[in-house]
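The two complexes that follow have chain A in common; it is paired with chain B in the first and with chain C in the second.
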Partner chain A sequence: MRTTVAALIRKDLRLELRSFESVPAMLMFSVSTFVLFHFGLDRGALDGDLAAGVLWVTLLLAAVLGMNRLFVAEQEQGGFDGFLMAPVDRTALFVAKALVLFGYLAAVELVAVPAFVVLLLAPGAGQALPELLAVLVLADAGIAVVGTLIGALGVQTRARDLIVPLIALPLLVPVVIAAAEASAPLFAVAGADPFPGRWLLVLALYDAVFGLLAYAVFDYLLEE
Partner chain B sequence: MTFGRGLRALSIASAMLIIGAFALVFFYAPNDADQGFIQKIFYVHVPMAIVALCGFVAGGIYAIRHLRSGDRADDLRSYVAIHISLVLAVGVLITGSIWARAAWGHWWVWDEPTLVSFLIVFLLYACYQPLRFSIEDPERQARYASVFAIVAGAFVPLNFMAVRMAESLAHPRVLSTTGGAMPGDMRLTFFVALVGMACLFVTLWKYELASKSASIQLRSLKRRLAGDHALAPLSRSAAPQEL
Partner chain C sequence: MATATAGDSLPAVALDGVGRAYGERVALREVSFTLARGATVAVFGANGAGKTTLLRILAGLLRPHAGSARVLGAELPREAYRARGRIGLLGHDPMLYRDLTVRENLRFHGRLHGVDETRAETLVAQVGLAARADDPVRTLSRGMTQRAAICRAVLHAPELLLLDEPLANLDPGGAAAVAPLIGRAAGPARVLISHAAEQGLAEADDVLGLREGRVALWAPAAQVGLSDVRGLYA
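== the complex of A and B ==
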């Protein structure tokens, strides 16, 4: 199982490094969306819950781009058939793809979050880096798990680019609620609000429930 | 497959329960002290919402059975349950909007967790039929729809919890642990309306199942009598077309 997962991750990362299909697109999309928000809201600097909302909506929409492309190579170039012929546990594909999507998201955020701080965040806001990191990791895990499942579901349909966002966005509303509520006090200028730890609990619960659920049903998306 | 068994008794029971519930609503339950007559929409709105959510979860449970057994009849059951729940959900959103307008003065209120979470659940399930429609292979359509129904069924309670934590608590908690603080005659009316709505749901569900399976069986009989060439090819459909 572990060697299979490692091999699949290696394959996906090599593909990404050679073609640069997902991460740069997600990144460009995030930065463009920040610029759009700047003009749409007509504000030079954001703080508090507005900043948290802009950041999380942008990251979520960028993640949808990654989900859409996650299984395209498998579908178009026979990767599914090759994988199904190999004598390995099918769940390995789910684990590998979720980890790859998580990695993509982390790579995007490594640039997009500093860009957000530079472009939109009010000066003096957002000093609590460890807390923000915890929120990012937990939210990314949830997005990766749900995104992998929905990406695999959507890639076999005829209207792939429509089905994936239509299903994924409502499913990820709890992640946005929890992540935005948790990071709003971190972006407050005054910094007086205590960090609401219960939202991390909600994110962790979401990750656990959907992780187990996706683990249980993913096999049925691969059967031929 | 005999989906039609007991349909007549069920139809009579649900008609009587619905008529009885409406009689209780208009002639027995008192007018609400704050909201007056408009509060009576509660006896339609809340049972409909509860039945719709239970129908979504039931769709998920039949989907689990479908994936475990591979029985296409379970996929049909899951599909019909979600289909009827979707119709009810439209009714819930409309009646809820009317009630919100009368009671709070706005057609839509964002800081009501129950409204918002219901809308999110509705938006999610609104993708169920497009998902089915965009998969052509019937066997794969059934399998993928079941995966969706399971994930969405588990999403319903989790979503309600997350949204409720985020928002204020002004929407009445109908079935809270304190019993919703309803006076006895209101509670009786409410429970009759709830049972009536549940009965109506089951009746409609069985009618739809009977109709769908009858047309599927009719098609296979025709094929056996006249051969494949005598049948018009199946058009693409979101509904299961084979058993």
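== the complex of A and C ==
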């Protein structure tokens, strides 16, 4: 399965590098949203709960753009048929796509999080980078798993752009709550508050539950 | 690459009363026929007769809603996994990523099928695409895209070839170049959809005519005349 996953990831990254359809759109959306919040809130400096909420809602909505495009090449260019006729484990497609979406989110966050710090975060807040990285990794994993599942479901419908956010956003509410709760103390102005590790556990549990669920049902989503 | 299995003595295709509907619309009704290993059946029928649905059922991409379908000894859809990697499909869609080059597409499909990269190189040279192998598929003409799609369909040396108008968009030189790969001499059993009656009859051992999803003609090709085929389109 490792060879198949590697081949699928390599193919997806090549397609993205040639078409620039997902990551630039996700990035532009994130930065534009931060600019809108900057002016819309009429505050150049957010901290605590508000800063965490703005960051995670923005990243989640940007992720929806990536979910929408995740399976488009497979659907429009015969990739599904080619894959389904090959003697490979179908779960490889789920694993590869989830890793690709995770990679897209990480690439977006490399630019979007510093942009968030510059545009919105209060001076002195956001000092605990390792903890924030842990939150980002666990939240991205959850978004990638659920996003891949919903992306595969949505691409087979005519109303993909509508279906994906309608299903994905409610399913990802726990991720936003846990990620925002875990990040809020890190964005406190008077130095980082004690890090609520239990929210990391919630994220890890969410990732494990939805990872197993996706593993179990993904095969059926590929059926006609 | 395709490997020998216990079902090798069975026919390449054995359909018995196969039916398929899309919602209320019935696309195939009670289609039955048998195709021996290495033999070719030409499928004729007007647009909407059910030819593409038949091909996708045989490819394991659509479930039959009625009847029994066996492909390369595997009962569909229950044992579809046994036929995977042993069927080559050349449909209307080339099944190639437009932003990847021909070589990248073939290497990708080769990895899915566990095929050595040299096989792709050989095929590309054979169909006269070597000079364009590093061009993105979206920059190729239709004929060249069809040649690349043929390479993709036969990359894993399938035991059953499902061909939907395989010579569409090919010039005479292109048709001659792909003949050793998908023609009668290529070896695998073939289900060949064609609208070119003369050509289809010359290529086939048996003829299947479909009209509104039903079998309207089933006979050895030698006993079928051009008028019989044309009658399917009337």
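Criterion: the second predicted complex is superposed on the first by the 222 of 224 C-alpha atoms of A that agree within 3 Å, B and C clash if a C-alpha of one lies under 4 Å from a C-alpha of the other, contacts with A are read in each partner's own complex, and residues count from 1 in each chain.
In this text, a contact is a pair of C-beta atoms (placed from the backbone, for glycine too) under 8 Å apart; a residue touches a chain by one contact, two chains touch by 3 or more.
It should be emphasised that the depicted structure is a prediction, and the values quoted were computed from it without experimental measurement.
*Asks:* Which chain, chain B or chain C, ends up touching more residues of chain A in the combined arrangement?
*Replies:* The partner with more contacted residues on chain A is B.
*Asks:* Taking the superposition on A as described, I'd like to know which of chain B and chain C A:11 touches: first, second, both or neither.
*Replies:* Only chain C is touched by A:11; chain B is not.
*Asks:* Looking at the overlay, what does A:75 touch: chain B (first), chain C (second), both, or neither?
*Replies:* Neither partner.
*Asks:* Between chain B (first) and chain C (second), which does A:159 come into contact with in this model arrangement: first, second, both, or neither?
*Replies:* A:159 contacts chain B only, not chain C.
*Asks:* So, A:32: does it touch chain B (first), chain C (second), both, or neither?
*Replies:* A:32: touches no partner chain.
*Asks:* Pick one for A:19: touches chain B only (first), chain C only (second), both, or neither.
*Replies:* Once the two structures are laid over each other on A, A:19 reaches chain C alone.
*Asks:* Which partner chains sit in contact with A:85 here, chain B, chain C, both or neither? Use first/second/both/neither.
*Replies:* Only chain C is touched by A:85; chain B is not.
*Asks:* Just which bits of chain A does chain B share with chain C as contact spots?
*Replies:* Touching chain B in the first complex and chain C in the second, residues 223 of chain A appear in both lists.
*Asks:* Which chain A residues qualify as touching chain B in the complex?
*Replies:* Per the touch definition, chain A meets chain B at residues 149, 153, 156-159, 162-163, 166-167, 170-171, 173-174, 177-178, 181, 198, 202, 205-206, 209-210, 213-214, 217, 220-221, 223.
*Asks:* Provide the residue numbers of chain C that touch chain A in the complex, in ascending order.
*Replies:* Listed in rising order, the residues are 59-63, 81, 84-87, 89, 91, 93-100, 104, 108-109, 111-114, 136, 152.
*Asks:* Across the complex, what residues on chain A touch chain C?
*Replies:* 3-4, 7, 10-11, 14-15, 18-19, 73, 77-79, 81-88, 223-224
*Asks:* Write out the stretch or stretches of chain B touching chain A in their complex.
*Replies:* Touch residues, chain B against chain A: 67, 120-121, 123-124, 127, 130-131, 134-136, 140, 143-144, 146-148, 150-152, 154-155, 158-159, 161-163, 165-166.
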